[in-house]
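Got some structures for you, see below.
First chain A sits with chain B, and in the next complex the same chain sits with chain C.
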Partner chain A sequence: MSEMWINMGPQHPMTHGLWNLRVKIDGEMILDVDPEMGYLHRGIEKISEDRHYNEVITLMDRCCYVAGFAWEHLYIQSAEQALGLRPPERAEYLRVLCDEFQRIASHLMWYAAFVQDIGLMSPFLYGMRDRDLVLDLFQSYTGARMTYEYMRVGGVRNDVPPGFTDQARKVLDWLSDRFVEYDQLCLGSTIFRERCDDLGTLKANDCVAHGVTGPMLRAAGLKRDLRKDRPYAAYDRLEFDVAVADSADVTARYLVRMEEMRQSVRILRQVVDWLDRHPGPVLAERLPRWLGAPYAPIGNEGYLLKRHYAKGVGFSAVEEPHGEAQAYVVNDGGEHPYRVKFRSPVFANISAARQYLVGYHVADIPPIMGSVDVCVGEVDR
Partner chain B sequence: MASPITAKEKPSENPILFVARPMATAARQFAKSLIRPATIVYPYERLEDPTFRDRVAVASGRPIGVGHVWDNYRGVHALNIATCISCNLCAFSCPDLCIEMVTVPGGDPKHPKKCPEIDYGKCSYCGFCSDACPEGCLTMTTRYELSVARRAEMVYSPEKLYDVFRTKLPMNPIRVERPANEDAILLDPPLCIGCNACSRDCPTQCITMLDIPKPAAKPGEKQTKRIWKEPVINDSDCVRCGTCISVCPKECLFWGTRK
Partner chain C sequence: MASATLYSVSDGLASALLHALGSVLPGPARAAVTNPNVIVGLAVLIFAVILLAASMLNTILLIWWERKLLGRFMDRRGAMHVGFAGLLQNFADGLKLFRKNTFQPQEADPLGFYTGPCAYMVTSLIIFGVLPISSGWNAGTLPLTLLLALAIFSFAPLFIFVSAWSSNNKYSLMGGMRSAAQMIAYEVPILLAVVAVILVAGSFNLTTIVYEQQNYWFWGPLVVALIVFVAGMLAEMERIPFDLPEAEAELVEGWNTEYGGMLFAFFMLADYLRALVGSILVVLLFLGGWTMPTWVPGALTSFPLAGIFWFMVKTYTVFGLFVWVRASLPRVRTDQLLRVGWNRMIPLSLLSIFLAAVLVTVKCLPLLGCVPGVGS
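The block that comes next holds the complex of A and B.
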């Protein structure tokens, strides 16, 4: 009996959340793994069914607690499609602004957590310190640091305050310098490279077979980015490159995420310049009454709504910091969505754990799972 | 990226160098942090205080002036009881159902004045209530310290929210504009019985009951029993709270576009 199953989780420093990785080991070797999710299930899809379209946004921020904006954007897009609305152009650029800053914040959070998983403490502090600047920016126009509730069906809640774009430029300049520093700390260290090279390899065809998306897929050499392949919001009007690496290991995922942050800075510079030049409304003109800024009760005429407003379904896919998230919203003419369904990228990414963990050592689990960038909030929803 | 990025050349194999290089970067930061900390000593120094915020920014070399719009922060609510019109919109817009309208002194016995009581155990600070408030009397402030010893203390009565208002904390200045072409409340005249319920309960008194001519009774047909009055709604004063719709006994009021 030299083989045994051990539980890494649900309370384990490796898990970064509440999930359980069951590992079958023989000594130090991993023979099999079995990820168990569901500890953080809150029934967000079901709760959404009896909330107004805008009220679902409060749940989206809690879906993924490090990338709230990406999930708001995802839901908002499909809700708008289901309701047949179009946001003003400025709102689209503001959403890209939110998305890309969120991508930087999420990747910095990943960087901080990942380097701590492989035993480096100082980069953790730098990552968290720099992420705080982005959160400060978010707070200056949404009023919150993590649960923004900023986007609305048909636009966004408010415009950015005066002087915001200058602050954003300062932050972008500052962050660009920091990325160099991160590379010095990690890529410049032989310890880091010895630890991460050729670790947790997941080739492109395995990624496709298991629905693995996001930086993991691009690290395997496949150039797939929804911002390019299926442009949404204002991405078709912005210039950027898709970060691709080819070695498909932990180092490659690090490289892809670092390059993505640089590309995000590049996108943000264009967005900030655009926002300076094009003032305008941020909320669509003709919204159904219960989507307008002040809410009014439906009263006892709810039955009338189904007669008055068009039905429809909406589907959207967004390149979230972790991968491709998708949402499906069914509008049956009422004031609540009839059904909301989400596809979480991290769920697929960690479901494929058997493919990239088996054959390595137990001590390799934290760096490999760290490089996946797990956010359990969106896995379980 | 035209070609896939690959990790640059392997770092030095020299045992001194491969430790020394990353450590040099860390040491620079460490030296900086000795004279200029990137953090503040929280209970004594607070970020909402601009002096500390500036100090942190300047000292750690971070861009100055980032995130200075602290007033936008969504914290504990402030309620100005005097201007509250008891329209119920905050309670209706709350996704967490944490707002309950409770009676406060000041109204007449027939129509008690009701103001929001907020349970911060449930509140998610989304700000929908202050967006919905038509009078701007329920706003969010920058107060964020809420720890209490007992659960009952999490429930803020209107009086307690008024105390927050009186502390003159910065209020969230972002107001959401009311859409220009908003739906109005319309009347279906044949159904109306002129009962005055809508006009009586309207929080803004924007409904007036106007006399309408009593039609001449046709021979052999029973005259409809009703009060010959009809509500006329002043759209510019109306806050679209829907109270009239919910009190109407005949369901003759409805939402629609005013022609």
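The block that comes next holds the complex of A and C.
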């Protein structure tokens, strides 16, 4: 077979979303790759400029459909900074609760998709099954399983229902037992190690050069985690370790994500205990009516009130399950943000594809791209 | 029932039918329809139809068995809604595919595109003609049935490659290349492993091979050959961990990407027909076919069609093991697969031949029987 270009995407089982990986192959060898993004562009940043501050939250859930909470948190933080608001402490803990459960749910989703990519059939359903438990928890206090619209500028929409913390502890116990099984199915399998060791290597300096962040960066041995390096919400009051691995290959990324889930469980146990001991308000007091209203449908008279906040800009960075997400919100005194800008970690991670794909086999593309954990919603926004 | 064979049943059916027809016809016509040659012709036809129906039915049951088992391995139930415990689900799926439009890609070569799946299906079906299901339940007692079965079995890569190439799709072509490379690589160790069986049994005839196992099943003394044969069969069936010709993660659906409707159903059915053949061959060559050990109570082995019953039990158990493997192993890569094939499997199969030769030479086989003898 001579050299040829093939399109892996935009509809292809490898992509896990809507993007196109153009691959130049010679037989089974990859000579060149060219990732094409933009199939899922919805103009979220532009739409945000015509929306009320709290209405942008709806878009954030759609930004990344497997990690909606992380993106809500990201936006909320910069919006609060732009408006000069501070949430109550309980809301900060609730946000951490959301974030960490979301990290587990997102990593479980990644696990399910990743094992499917290398042909493991059963763990796919195990991952989805356990993710459902986390989604059930989300449903119990937000009413939704994927698009929550839970966080608010100045706090969160509502407190968790009675009995939630006990249920959460049960789920955490169940999950920590399951992680052992996951490792047995993957790391315990010779074929898995044959497939994943020394595959898709991206060293730390290449990661930095390409702006690759998150588990991929930590798998290369660089101990960088915004929750430690630039603490936000309640992370500075919680104990946890940053998961790192050295070999920078697919196995290392697997190890990092698995360890992150264990650390998330550790954080969540502390958060749940804290929530039990510290009741309190979850939404900042003395918000203007248009910000404080739990739901602010268009046409609500409170919506039309003039705001009383000074101009300002807000910047926030959040350690999202996929990497470092950043948001920049400009408040020019109007009811809508003047400009909203996001930095998607996955965009940078995919863009470096040539660095970690060329030279491997066609059959290696699914595991390598699987280990990147692509979420196209946030790539295209 | 021991005396009844599939052929005698169809022969009796054919002659009864034709004599009944002849009794209402005038003289010359009666002589024509009751001519022995006509009866034989109809008997063969009935025989073929029974065989076709039985193999198709078993294949569909095999798919159901796989879906249920796989479901349990995955902590779910599998097909549940159509028929009792989802037994009719595959018929519903088949009907759906049957009603679908069959289309052909613009630049595809119609000759290869249509003959490929049909030939694949037909060659998979033909094998059933030579596989003995129970004593006397086969088409004929050719002396070389084993060789014939394996010869027909190895046609597959050719037709897969023809249909892959004529689809004019890059994924199909890559799948076809992988399939051809894989099947050719694994046919060698399979045949060498079979040589070990032939050495011990002293015959190419599957029926004789089964009768040679009356005192001890071959899986005990020939365990190396069994391992090679089962691993090779997994590759020949293109099942996980060796399903890379249709690795859906990277090749969409591999060599049958461009096929839809009934042509796709042909591929699907032929795949499972081959899986059934593979399981049957494992049972025939290593697990004593339809015979059972003597410690099994006589009541369990002497009821009508007991041979077929136990044969089916063994076949579905062997296939269940394949499903278990599928549920718990990842897929290997092409180069790893070929490396294992040429570097590990072939030496192993040569070793199994050597061991078999030693066993035959020193005549200690009966002592090595792992399963208590069946006795007469």
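Methods note: the second predicted complex is superposed on the first by the 365 of 381 C-alpha atoms of A that agree within 3 Å, B and C clash if a C-alpha of one lies under 4 Å from a C-alpha of the other, contacts with A are read in each partner's own complex, and residues count from 1 in each chain.
Heads up, the rule we're going with is that a contact is a pair of C-beta atoms (placed from the backbone, for glycine too) under 8 Å apart; a residue touches a chain by one contact, two chains touch by 3 or more.
None of these values were measured; they are calculated from a predicted model.
Peer 1: Using the touch definition from the top, say if A:Glu3 reaches chain B (first), chain C (second), both or neither.
Peer 2: neither
Peer 1: Considering only the touch criterion stated at the top, classify A:Asp50 as touching first (chain B), second (chain C), both, or neither.
Peer 2: In the superposition, A:Asp50 touches no partner, neither chain B nor chain C.
Peer 1: Is A:Val115 touching the first partner chain B, the second partner chain C, both, or neither of them?
Peer 2: second
Peer 1: Would you sort A:Asp364 into first (chain B), second (chain C), both or neither based on which partner it touches?
Peer 2: second
Peer 1: Please indicate which partner A:Leu185 is in contact with in the superposed arrangement: first for chain B, second for chain C, both, or neither.
Peer 2: Both: A:Leu185 reaches chain B and chain C.
Peer 1: A:Gly221 contacts which: chain B (first), chain C (second), both, neither?
Peer 2: first
Peer 1: Can A:Leu137 be said to touch chain B (first), chain C (second), both, or neither?
Peer 2: Once the two structures are laid over each other on A, A:Leu137 reaches chain B alone.
Peer 1: Counting only touches as set out at the top, which of chain B and chain C does A:Pro13 meet: first, second, both, neither?
Peer 2: second
Peer 1: For the overlaid complexes, name the partner, chain B or chain C, with more touching residues on chain A.
Peer 2: Residues of chain A touched, chain B against chain C: more for B.
Peer 1: For A:Val244, is the partner it touches chain B (first), chain C (second), both, or none of the two (neither)?
Peer 2: first
Peer 1: Would you tell me the residues on chain A in contact with chain B in one complex that are also in contact with chain C in the other?
Peer 2: Common to the two interfaces on chain A: residues 122, 126, 129, 185, 189, 191-192.
Peer 1: Quick check on the complex: what are the chain A residues that touch chain C?
Peer 2: Going by the criterion above, the answer is residues 1, 4, 6, 8, 12-14, 27-28, 115-122, 124-126, 129, 185, 189, 191-192, 194-195, 361-366.
Peer 1: Once bound in the complex, which stretches of chain C touch chain A?
Peer 2: 70, 73-76, 170-171, 173-174, 177, 240-241, 243-244, 247-252, 326-336
Peer 1: Can you list the residues on chain B that touch chain A in the complex?
Peer 2: Residue positions touching the partner: 1-2, 4-8, 10-13, 18-19, 21-22, 25-26, 29-30, 38, 60, 62-70, 72-74, 88-89, 92-93, 95-96, 124-128, 131-134, 140, 172, 174, 176-183, 239-242, 245-246, 251, 254-255.
Peer 1: Chain B touches which residues of chain A in the complex?
Peer 2: Its residues touching chain B are 51-52, 54-55, 57-58, 122, 126, 129, 133, 135-137, 139-144, 147, 149, 157-158, 161, 163-164, 166-167, 170-171, 173-174, 181, 184-193, 197, 221, 241-247, 251-252, 255-256, 259, 283, 285-287, 289, 292-301, 304.
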